[in-house]
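You will see two complexes here that share subunit A, one where it goes with subunit B and one where it goes with subunit C.
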Partner chain A sequence: MTAKRTYMRPMTNWWQRLPFYKRYLWREATCFGVIAYALVLLTGLWRLSQGAEAFTAWRAALASPLSLLIHVAILAAFVFHSWTWFEVMPKTMPFIRVGGKRVADDTIVRSGVTAAVVATVVVLVLAAWGLK
Partner chain B sequence: MTAERRISIECQRYNPEQDTEPHYQTYEVPFTDDMSVLQGLQYIKDHLDGSLTFRWSCRMAICGSCGIMINGVPSLGCHTFLRDLVSQGKVRVEPLTHFPIQRDLAIDQTDFLRKLESVKPYIIPAKDVTPADGAYRQTPLQIDEYYQFSECINCLLCYAACPQYGLNPQFTGPAALTLLHRYNADSRDAGTAERMAIINGENGVWGCTLVSYCSEVCPKHVDPARAINQNKINSTKDYFLRFISPRGADKG
Partner chain C sequence: MTAPKRSNKPIFWALFGGGGMLSALIGPALVLVTGLLVPLGLGFGPQSMNYEQVHALMTSPLLKLALVVVISLFLFHGFHRLYHTLHDLGVHITPGIKALCHGLAALGTLVAIALVVSIH
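Presenting the complex of A and B:
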């Protein structure tokens, strides 16, 4: 008997095959937005360590139109990343039971998103209060 | 009586004795509202082209034989209706992606079967038991821990959905890892330690990047992504806990 001759299809451009894969890659890619903003904040901390003048200069740089544009882009990346992150959160957890009944995945997703929204509002309120 | 409706089914064909690569062939198939894609393929085989090769058995989404790509989506042929595809204009059927094609719509499952065997998908009891010991007893809660994962029918749609398996065929993959978890999660089983090497290994759960399309296409709602990703926690615990309680320390 001769060996089976099979055909293996290539994986070229696999992410373009389905909208689901594109969405997955956007979820992964938007983590760069999260990293970018962590770097912005770390830069602020580093400038603060250099003294009041350096910190004021950093804050002035943040107010430039280019910086505002980048902030809007990063905010969009953050929202998408958070949303899609919470979407898959139930898959990373063992079953959670309340009163003997399994908590539905939708409830876990909604709780995560709610927690993120609440945390954001708290930070914004504290920031607004601090700026007064 | 309603007028006869027809639909074009574009089948991927591959004859290993003649073709160097697959090509497509289109068939015009009359259909009724109750006809599945599998029945469409059976119509082709019976009336239009007897050489078309595809697998099927039960026709009711339990045997897991008729997995194919329907318009690019891993699906069971018997579980997808032609009436629902009319709006998409055409029906393109291909063999499950990420697997070697044997002929037409039939793929080679050897790789999966080897992986399935490797995860020891059976109960490994803590001690030898005989029927004389009586039946195992489980609470509904203990059953609930694994039942969903035991619903897997080995249809391999999850492998066709998983780009990580496509990119790295060594990856143990969704169904095998899910069945591994199904036994680890069973209170009657004591084989977790034996299966840990597969979970922790290079091609174990860490090969998964939580694309989660496997759970999306699973016809039995097994949620393989969940079974795999729960075991990332177990793998992490296994890694760190050995510093507190080294393996084998209590032996001898």
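Presenting the complex of A and C:
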């Protein structure tokens, strides 16, 4: 059998072709921040289970310049994830109809972002109260 | 005749979606508090998040459940997105890579459950 000679569009460095693609990859890269933070919490939980000395060392390590730097990067990833998550929500959720009319994309995005702002305030208030 | 094989995809997309939604809503605030404000002492005292305080909080069954849910959903979300992006970057996703990604998230979940259960 002869080898197929179908034309294949080259896909090398496809993300460099459009700013949209680059932004898409940055959005997808936020998964590293989310995984990293889950591991930070898991480590803290593990150290807590080991007792006061282990946990105190973990708590002190959080204040190291390296940890602070990493958390700035993680925070940036989370904020970008949060923004893009609600930005695509009109495409990722089923159509919602109110009074026979589809809810506008803008309304869905705005509702999502508003929910995130409210949730952020709630977490900050709970933390200020619980972690005095 | 055997029943048609059902796809397991909806389960992992649901975990991805759940983790994505939870992290989009409360993730930035959690990172800001535990990773920056508390360690820097901005708005929080030096005794904030010390052993006694966190240990006392983590004896609550509700907070144990909440922490396990956060860790688990964040992991399932992150690893699901990771292998889909690897595919976009030209990495052929074998069943082994998929199993590894979901397996690591499941392992993290089991470890988190074992740890919260061990704290009294």
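Following the convention adopted for this analysis, the second predicted complex is superposed on the first by the 123 of 132 C-alpha atoms of A that agree within 3 Å, B and C clash if a C-alpha of one lies under 4 Å from a C-alpha of the other, contacts with A are read in each partner's own complex, and residues count from 1 in each chain.
Throughout what follows, a contact is a pair of C-beta atoms (placed from the backbone, for glycine too) under 8 Å apart; a residue touches a chain by one contact, two chains touch by 3 or more.
The structure displayed is predicted, hence computed values, not measured ones.
Contacts of A:20 after superposition on the shared chain: subunit B is touched, whereas subunit C is not. Contacts of A:100 after superposition on the shared chain: subunit B is touched, whereas subunit C is not. In the superposition on chain A, A:11 makes contact with both subunit B and subunit C. In the superposed pair of complexes, A:91 makes contact with subunit B only, with no contact to subunit C. Ranked by how many residues of subunit A each touches, subunit B and subunit C are led by C. Shared-chain residue A:127: touches subunit C; no touch with subunit B.
Common to the subunit B and subunit C interfaces on subunit A are residues 11, 28, 92.
Subunit B makes touch with subunit A in their complex at residues 14, 16-17, 19, 21-22, 72-73, 97-98, 100-102, 108, 141, 144-145, 163, 166-167, 209-213, 215-216, 223, 225-226, 229-230, 232-233. Residues 17, 19-21, 23-36, 38-40, 43-45, 48-55, 57-58, 67, 70-71, 74-75, 77-79, 81-82, 84-85, 88, 90, 108, 111-112, 115-116, 118-119 of subunit C are the ones touching subunit A in the complex. Considering their complex, residues 11, 25, 28-32, 34-35, 37-42, 44-46, 48-49, 51-52, 55-56, 59, 62-63, 67-68, 70-72, 74-75, 78-79, 81-82, 85-86, 92, 112, 115-116, 119-120, 123-124, 127-128, 130-132 of subunit A touch subunit C. Those residues of subunit A lying in contact with subunit B across their complex are 4-9, 11, 14-15, 17-18, 20-21, 24, 28, 88, 90-95, 97, 100, 102.
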